[in-house]
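Two complexes are shown next, each including subunit A; its partner changes from subunit B in the first to subunit C in the second.
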Partner chain A sequence: MDIRAQISMVFHLDKCIGCHTCSVACKNIWTDRKGAEYQWWNNVETKPGTGYPGRWEDQEIYKGGWQRDTNGGIQLKGAGKKKGLINIFHNPNFPTVEDYYEPFTYDYLNLVEAPAGDDQPTARPVSLITGEPIDVKMGPNWDDDLGGTPDYARNDPNLEKLSPAEREAMFQLERMAFFYLPRICNHCLNPGCVASCPSGAIYKRGEDGIVLINQKVCRAWRMCVTACPYKKAYYNWYTGKSEKCILCYPRLEAGLAPACMHSCVGRIRYIGVLLYDAERIQAAASAADADLVARHLDMLVDPFDEEVIAAAQKNGVPDSTIKAAQDSPTYRFVKEWRLALPLHPEFRTLPMLFYVPPLLPVVASVREVADEQKKKSLNEISKVWPDNWLYDTSTEELWGTVEQVRFPLQYLASLFSAGDTGAVAARLKKLMAVRIFRRFKTVGDVSEEIMTKVLADTGLTQETAEAIFRLTALAKFNERFVIPPAHREQALEMLEFTGDARGSTGFGFRERPARGL
Partner chain B sequence: MSRLLLARLTVPALAALFAVWSPPVAPAGAATGAETFGSVCAACHTIGGGKRVGPDLAGVNDRRPAEWLLKFIRSSQALVESGDPVAVALFAEHKVAMPDFPYSDSEIREILEFVKRGGAGGAAQPPAAAALRTTTPEDVRKGLELFQGTLRFANRGPACNSCHHVNNDAVIGGGILAKELTTVFGQMGGPGVQAILGKPPFPVMDQAFASRPLTEDEIFALVAFLQDADQHQQFQKPRDYGFKLFTSGLAGLVFLLALYGLFWRRRKVHPVNHAIFARQVRTQ
Partner chain C sequence: MSLPHLFLFVGLPYAAILLFLVGTVQRYRNTGFKVSSLSSQFLEGRALFWGAVPFHFGILVVLLGHLIAFLLPGGTLLWNSSPVRLIVLEVTAFTFGLSTFVGLVALLVRRFTNPRVKMVTTRMDVALELLLLAQVVLGLWIALGYRWGSSWFAADLSPYLMSLFTFDPNITAVSAMPLVIQLHIIGAWLLIAIFPQTRLVHMLVAPLHYLARPYQRVIWNWDRAAIRNPETPWSEMRPKNN
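Then we have the complex of A and B:
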């Protein structure tokens, strides 16, 4: 057993309102620089949609992530020693800037400085790369809220596994639905970017597993950009170095949540420590598609287990980190309650960002009811619909409809479980069970019998359902963000002897006083 | 002005120009005439030992007036250019321009005094010239390697082919900064070449090897190689590819481009939304 600690994230997609506050918070802190304008370390996509960069999930285009080889091991799809060397001066699968978008601003100054004329002055869009006026063709959330559906949503790579009929059904006006998928670097356990880097500039921090690019070692080979299947490594054309999400490690080390999580309006984001057994990484990454999720979760170990704690301590994991792992909201969601799933586990990078799949929009059933008597009893000025269809959102009906949710299970499975619809259905049912349980408690229109049945069906107890509800809906900062102390004081002591300054002059001097010391 | 122009055009003249800025020897203030002769002049001249690179200087004080000697030692080429018949004749006979030596009058007189004494009281002969072993193919091969820089000099001096070329099958593309050395052995003889290598009288070469001199073994090997190159120059036919080199390079380029085209035929050329962008209306 080789127990290590990893900071992991859970995004609760049912709660995401697609406001992009996270993206803007991240942009303002980290990527508001020349050469980084096009980079969105955090972005929010509408699903179905092609995302940012366009069709990033289609690894036939970008050749990212890992694939199984004939020996049962795994190889990088488009990089690695041999392929990397052959393509080192020309990466054939590299995304162009148009795949992201050409960053632009507007010529606002023209609005106040334009000379008097017959027309209103306008602020033309200007490229942030060339400085020339451009036609804006694309943006980081160009297909937001199903904008341009025929071009974007219908080209979602996850639709490929659906039958044409299912696909059509998804885009019928009355059934049409979408949800948001916020994405940051997954800080994977088997990161493709790290494996692909010819300079060895990318590394995974030992203490918390954050994946970072050493800007002094990066030699701009840009293999990481293609090797990351999530397209979360970006090339800065101005500095000539690659960059990626750093999980706001300076904030984490100060005990603060990353900016995207801190600013999240929907409070969808959770961060916490997961303990994992590093010896199982290889087995998990090279598992058959059907076992990927199960092996991935197997790797995460119980932080209350005495053996695990002893092994972690032996590996130098501080007690404070083990305590954080025990309090971790991500451990609850991912392992204990089994509500969250990794995004595209078939890329085999073992992402450590998990998503609670979306149950929303609320699934309702439409049925014919005999309500003639009721209509007649209404006041004559009442609005009465000529048909007798009922749009029924009562939960008793819903239980049977989980398999027929607005998004075909196959679609969600393609996103979150490498095609395993069972894994997605189990999680959706749990979410529904908690909803029914709460409806029983607060609205009271569900019978106890039904509530008990659905909880039993999903293996939840009333206490667990209550705990899920609390962490989902009521949790405060300290429950959502359980950040282990970084022990910077110890790190400092490793670098310098803190006794050196003892007994020296007060605050110290930047310049020595003229009269001497 | 004409000298400046000439200096830009010819490398030896450039070297002479260098000499003005960086004297090839330490300021001779402290050195006696005997020392200066031993360390500088003796590379090319003897006193009663016969002609080497330059003429035998025995009796030179009687042959030429002192004023003429002073001018010639300061700048032989200036004298040649001025049309002095003796200087022109000497240059025609020996074919090697004597470098400029920025010594003061008294220093030059001391050297001439030493020459008048017939070399008494100083080492008039470069010591290495005394004993020359017979050369073996091993020496020639070592010399070739040293010349090309495949074998480094013990004191890390620059390889000969940085500046020099020798017409030899084994040597590809030597330098063109300094003299071509195919027949240098025939012109100067073993002791001359050896003396130049031991203490280069040429300012640039002297600077290059001032702090990293060649060892005696290395000098011997180089002389052996140059001798071999001189003797066998008739048989050396380094291939001249001429226009064929250019055409074969062009063919190679076409071949490589075709190979790359094949190799990267599936590379991503367009953005994924190329079709969408292509049909969009553009601002005029």
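Then we have the complex of A and C:
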């Protein structure tokens, strides 16, 4: 066993309201610079939709991630030693500015400086690259809330596995549904960007698993942009360096949550330590499609297991990190409760950002009933409206609705489980069970018999269901973000003798990041 | 052997090599962040293919040819002793030279016509590309007009270059060369002189070490297992990070 620690994330998609506060927080801190205007290290996409850059999930276009070769091993799809060096002068799979969008601002000054005239002055959009007026044709959230559906939502690559009838059903006006998919760098365990970097500028930090690009070593060979199947490595066209999400490591090291997570309005984000067995990475990354999720979860180990703790200590994982792993909300969601799934596990990078699948099926119906009957079916504390409509949640078919979710299961499975609908259905059922359990406790219109059956069906106990409810709905800041101390005091001692640092003028990056000659 | 010749074929080379060495070290140490290939593929992808690919593969072969003829003049002459082999070598070299020329012209056109690429074009980029273009045109002219370059380069110019590196400059042969060839030589020294101040520095950081390293890369800020081991002295475990 080679036990290491990884800072991992869980996004609870049923709680995301698509407000883009995370994106704006990130943009303000990290990418509000020349050359990085178009970069959204954190972005929120509407699903179904084509996303950013357009159709990023379609690896027939972008050639990102790994693929299995005939020997059962894995190879980078569009980069690697051979392909990367041959294509180094021109990377045929490199997304250009048109695939994202041309960054723009508005000529606001014209509003106050335009000479007096008959017309209202306007603020024309101006390209942030050339400074010339442009016609805006694309933006980072062009298809927000299903805007421009025929061109965007219907081109979602995840629809390809659905039958035409299922696809049509999704887009019937009265059945239309969508959810939001916030995305940041997954800080993968088998990162394509690291493997593809010819300079060796990209690395994974051993202590917390954050994947970073050393800006001084990056030489703009641009293979990471291709190799990352999530398109979360970006090329800065001005400095000639690639950049990516750094998981706000300066904040993490100071014990603060990353800006996107800290600012999350819907409180959908959780961050915590996962302990994993590095010896199982290869097996997990090269597993058959059907086993991908299972192998991925196998790799994550139990932080309460004595053997695991001993192995972690032997590897030098600090006790404080092991403690954080035991308190980790992500361990609960991902492994203990098995509620969360990785995004597109078939890319085989072993992402360490997990999603609780969204769009719980509708479990209630609105029926017209006699007033007396309505009162009978509700307990005393329920609010009763003086009309004959009943919002009825007492469904006979407990799990029938899971198969009839607002999206075909196949669609969610294409996103979160490499096509395994069972994995998605199991998680949706658990979420529903918790909901029925809470309804039993607070509203009381669900019989104890049904509640017990529901929990038994999904393998939950009342305590677990209560814990899931707590962490989902009530968790406070410190429960959602369990960040281990970074132990910088030790790092500093190892990096330099304190005597060396005395009286010196500081350390680190002292050169202004500007474009070379 | 006149004073201008002494200046151009002895003074200039030594100055160029000095500028190259000092400039490269200075650039890498003081402004290492700016050492990048500065790809503009993000801003424009299609025309780049028709420029960058023929240019790079062309210049790599041409440069390698010059290097071989310089380092192994005997071998080159031996190869050229058979007319068939000589023709094969010359035709190959000329083809790649032509490819360099076509690529470079395509790159120049792209640089001047694409509004986005224009935004990331510096004056040094233009100067460098024009100098390179002059060099390539002169090279092709020499290949056509002064046959057979590979042989007389090995016979006459390799000894000149070698004499520079052994600090015993002998410019008799080079002084007698036709003007076109002399210009090509001067252009080469100029390129070497400005090399560290241009985007050419990306040649020096060509990622050949990629072939030798394992795919994944994990850096530990410090060795936590070792820090707990009382038998390991700290001073031997300084991390290599950054």
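Points to keep in mind about this one:
The criterion applied here is as follows: the second predicted complex is superposed on the first by the 458 of 517 C-alpha atoms of A that agree within 3 Å, B and C clash if a C-alpha of one lies under 4 Å from a C-alpha of the other, contacts with A are read in each partner's own complex, and residues count from 1 in each chain.
Note that a residue touches a chain if its C-beta (ideal position, glycine included) is under 8 Å from a C-beta of that chain, and two chains touch if they have at least 3 such contacts.
Note that the structure is a prediction, hence the values are computed from the model and not measured.
The superposition on subunit A brings subunit B into a clash with subunit C. After overlaying the two complexes on the shared chain, residue contacts for A:516 are found with subunit C alone; subunit B is out of touch.
In the superposition on chain A, A:471 makes contact with neither subunit B nor subunit C.
In the superposition on chain A, A:432 makes contact with neither subunit B nor subunit C.
In the superposition on chain A, the chain among subunit B and subunit C reaching more residues of subunit A is C. Within the superposed three-chain model, A:94 lies in touch with subunit B and with subunit C [touch as defined at top].
Contacts of A:3 after superposition on the shared chain: neither subunit B nor subunit C is touched. By the touch criterion defined above, A:195 reaches subunit C but does not reach subunit B.
Once the two complexes are overlaid on the shared chain, A:315 sits against subunit C while remaining clear of subunit B. Listed for subunit B are the stretches 135-143, 171-179 or 189-197, of which 171-179 clashes with subunit C, judged after superposition on chain A. Note: residues 90, 92, 94, 96 of subunit A belong to the subunit B contact set and to the subunit C contact set alike, using the contact criterion stated above. For subunit A in complex with subunit B, the residues that touch the partner chain are 50, 53-55, 58, 61-62, 86, 90, 92-96, 98-99, 133, 135, 137-138, 151.
By the touch rule above, subunit B contacts subunit A in their complex via residues 263-264, 266-268, 270-274, 276-277, 280, 282-283.
Subunit C makes touch with subunit A in their complex at residues 30-45, 48-49, 52-53, 55-57, 115-116, 118-120, 122, 124-125, 197-199, 201-202, 205, 207, 209-211, 213, 215-228, 234, 237-239, 241-242. Those residues of subunit A lying in contact with subunit C across their complex are 76, 80-81, 84-85, 88-92, 94, 96-97, 129-132, 190-191, 194-195, 197-200, 202-207, 214-216, 218-222, 235, 237-241, 314-318, 490-491, 493-495, 511, 513-517.
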